[in-house]
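Next up, some structures in structure tokens.
In the two complexes below, chain A is the common chain; its partner is chain B in one and chain C in the other.
Up next is the complex of A and B:
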């Protein structure tokens, strides 16, 4: 562990202003009742106490991004084509160029991109858009001092001060934060004069983390969820019961730091257009609807089964037992129908049936 | 830094369009980049995403074999938005191609075996690739037979090739339609029933089938009745796809992504996946 430095609360604004020279800086701000990540503006406020309502995944995976643009043209009539006009298309790749710092994410939010990486950055396929953003985004995360009842990070391999996915981890103490560099890039940022090596509050910081861990209580053991969920695949009544309250709104997918499904669509205006990628929602009937009208996930029970199955069974099977969930609890807290993914997995784990 | 972008299509020109049936057109396309066209390689059963710029992309099997590389052929049934716009295109028009995607039929493992193809409607497209590949490498395979069915004679794609297939002495072709039709010289009856009537021997034989889901279901039942083991039955699946590279989350059946782990599967492999077709 590298040396901790102190970042005073009153210095944060000035520190972020220096970052603006080279980076886009995303910070949590209050907007109505929600806390959302928005670009930092000089003199602008921050909300660093409440858990952000949205996830910081938009830094590395924007809601909408242009993958490429195209222009349709018609060439002048060519003699070799028998005097006919020839249609032409000009295609331009749009790879992200900007560099971003996310300040004030929680460890759970910062961890999201590591779950993306196992799918978006493999031997077989590399998603150049995600990779460019991931490699040009720094996460300065704040350890969680007051976990909520919906939090369960310790049950999915995380913790209130988990540094996975962060470049700097800040632990809240009196009048500021104890900062710890996690990556080289993080250490470089901490060379700034705003980080004070003289003030040491390491003991206080440790106590804060221990209190949060205690508050989170006993971690839920999901280790046999992988097999149990598969065994229940054909149990329609189980999934109908689990999804009874669900209204297929997709709030869970849009707020989730680890949900990585997307749609690709074309948008045009006249002869030009762009191909855009947008977040998509697997809870929507249209997500898997085929042109033939056949739909392999025609009911909300089937869709919820796939969402829970993907996170707690299929993904762990494919990626060395890692669960595709960071335990942030946003899906539970913001669900208008109080669907609780922890309860669903637990029900599957505890399900006893003579037939399975 | 220049990394391969799996989302970026190659621009291609439609060289030829064949009206197969009232709702199926075949497109023969050539990549605009001559070097890339020359070096293009794929295996039978692999698919491609065709782009109509401004409308979107859809997945189709490459139904010309890798042994005939003058063009890449795709047969398209008019079903949704992209296919409707594809049908409206003309020869010389530009489209995008992302290919090859997915895994091929296990054609290496099929060497030395008798092969029976069972195709229904547009499901003949992927079978055509493998059939022509095998005919072009005829000595590698045992007896080859084809059972091809459609609703009516007018719904039969590749009609211009059927005469040749019927007359070849190195393959046995059986055609069937669902109900009696004036001047029809071949079988009448649903594919699984005609298959049972043909009574092919499962000994050293692999059955490759594709068609509407309901036809595949009953064809597999018929094959099982005839004594074919699960590992002797090969099929190819269709799912709604976007990325084509196993990321976007639409086409998975449990842990298997049809776009990259399929679309070709043996029935033995399919049975190990959750039941979500």
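Up next is the complex of A and C:
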């Protein structure tokens, strides 16, 4: 463990202001009754106690991203074309340039991007937009001291003080935070004078983490979920039962820090337009609707099966048993029908097929 | 809501003739109920009723049209059933309605405003007019009336308006007749610029998850919603204020004279956007122009589903 330094609560505002000189800084803020990640403004507030409603996924994978813009023009009459005009397309690529610091995400939120890094940054495939953002984004996360009824990070390989995906981990103590550098970039930020090496509250920090771990209780063992879910792939009645109350909206997917599907469309207006990449949602009918009008996932049962199966079975099979869920519980907490993904996986694990 | 045992007995009695009965059970923590799909007599044991039972279960009916379904409804929920019947979106022969009488349901957003984070709630008990919320070693005692849903504040239909079996004794709410929700006049007291700025701000938070649409019992197009078409291209894929606002306008317009003010759109919204302001505004317009309130009388015709050569309150000749 690297050396811990103390960041006083009252210096956070000033520290973030110094970051603004070089970075876009995203912080959780209260907006209406929700908590959302928004650009930090000098003198602006922060919401560090409530779990953010949205995830910090937007920092590395925005909801809407313009990949390129285009304008159609008409050339001057061309002699070689017999005096005819020729259409010309002017293209501008928009590779992300910003450097961003996310302050105040939870450990699970920061971990989210590591799940889709395995997909968007491989030997065979490199997503330049995502990679540019990921490599230019730092996460300063705050360990959880009060886990919620929907939290289950310890069941999916995380924990209230897990530093995976973070650059600095802050552990709440009296009057501030004990900060721990996780990456070199994080250590560099911690050279700032706001981080004080003199104040040591390591024991208190340790106790905070232990209390949170105790509060989370026994982790759920998902190790056989992979094969159990696969076995239930063709069991329609099981999935119909699991999805009966689901209303097939986009809440779970769009709030999830680890869902990474997208859509690409050309949005045009007259002679100009842009190619945008937007979040897509596997709980939506259109997600798999084919041009022939055939839809392999025509019912919500099939769609929910995919969402759960992908996270707890298909993804782990492809990526060294890593579960594609960080246990943040947003999909449970914000679901209009209180669908509980933990319960669905558990039901699959406990399912006894009477016909076998 | 009273009469859980009576309700359970009734379900045991009718279940053999039905494919399922939709009710509520306790959800993942003390604060959340969740819809329950009862198929066996054992499932009946899990049934609960009470202030946590927020979901309007009529929403599930159009999707179960080919099944014989029993549905448990509060007063407000029953209006959605009536509207669905009026529009022939469900077949009465296939639905058995179990009507309740209701004293209001909880609004978790309001409760959150009172006690901060609701994330770690261990237990909630309703003791008469008091709500006792337990979080670790803290206890919060809150007047239920302060955290009821808006619709419950001036509810005049606490008893199911349509039912095959009524459970409990009907209650009276005559004191509320004619009361419009306060939020509407408060909002209208603001200037145009203020109102516009308000909605721009609210819409900037919308994630276009369509929970408002899918939770709405009257939004029956669902998978084939006009907002999803690429041709005509009503909405782009972009998630910005203009597109989000356009989606809300589509929702409100398509609910004209059909919205039963059940509040499910607003409750379902994960971003806590006060969508009911728009619905209440539209419903006031419908009342003024058509003297009509949706979901009250199954024999009545929704005003936009019929045609009159001359509307009573629209003097077209003077145009």
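The rule is simple: the second predicted complex is superposed on the first by the 353 of 356 C-alpha atoms of A that agree within 3 Å, B and C clash if a C-alpha of one lies under 4 Å from a C-alpha of the other, contacts with A are read in each partner's own complex, and residues count from 1 in each chain.
As a convention for this text, a contact is a pair of C-beta atoms (placed from the backbone, for glycine too) under 8 Å apart; a residue touches a chain by one contact, two chains touch by 3 or more.
Here the structure is a predicted model, which means the values were calculated and not measured.
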item	value
Partner chain in contact with A:112 - chain B first, chain C second, else both or neither	neither
Chain B versus chain C as contact partner of A:241, first or second or both or neither	second
First (chain B), second (chain C), both or neither touched by A:176	neither
Contacts of A:282 with chain B and chain C, given as first, second, both or neither	first
Partner chain(s) touched by A:263 [first = chain B, second = chain C, both, neither]	both
First, second, both or neither for A:96, with chain B first and chain C second	neither
Partner chain(s) touched by A:70 [first = chain B, second = chain C, both, neither]	first
Partner chain(s) touched by A:165 [first = chain B, second = chain C, both, neither]	neither
On chain A, the residue positions that both chain B and chain C contact, one per complex	263, 265
Touching residues on chain C, where the partner in the complex is chain A	27-29, 31-37, 55, 59-60, 109, 112-113, 116-117, 119-121, 201-202, 205, 207-211, 213-215, 222-224, 228, 230, 236-240, 264, 267-268, 270-274
Residue ranges of chain B touching chain A (in the complex, touch as defined)	3-9, 11, 53-58, 79-81, 83, 92-94, 96, 213, 238-240, 242-243, 245-255, 260, 274-277
List of chain A residues in touch with chain B within their complex	67-68, 70, 72, 81, 84, 86-89, 91, 93, 95, 119-120, 124-129, 131, 230, 233-234, 260-266, 268, 273, 275, 277, 280, 282, 287-292, 294, 296-297, 302, 306, 309-310, 313-314, 317-318
Of chain A, residues touching chain C in the complex	31-34, 36, 49-51, 53-54, 63-64, 146-151, 215, 241, 244-245, 247-251, 253-255, 263, 265, 267, 276, 278-279, 281, 284-286, 332-334, 336-340, 342-343
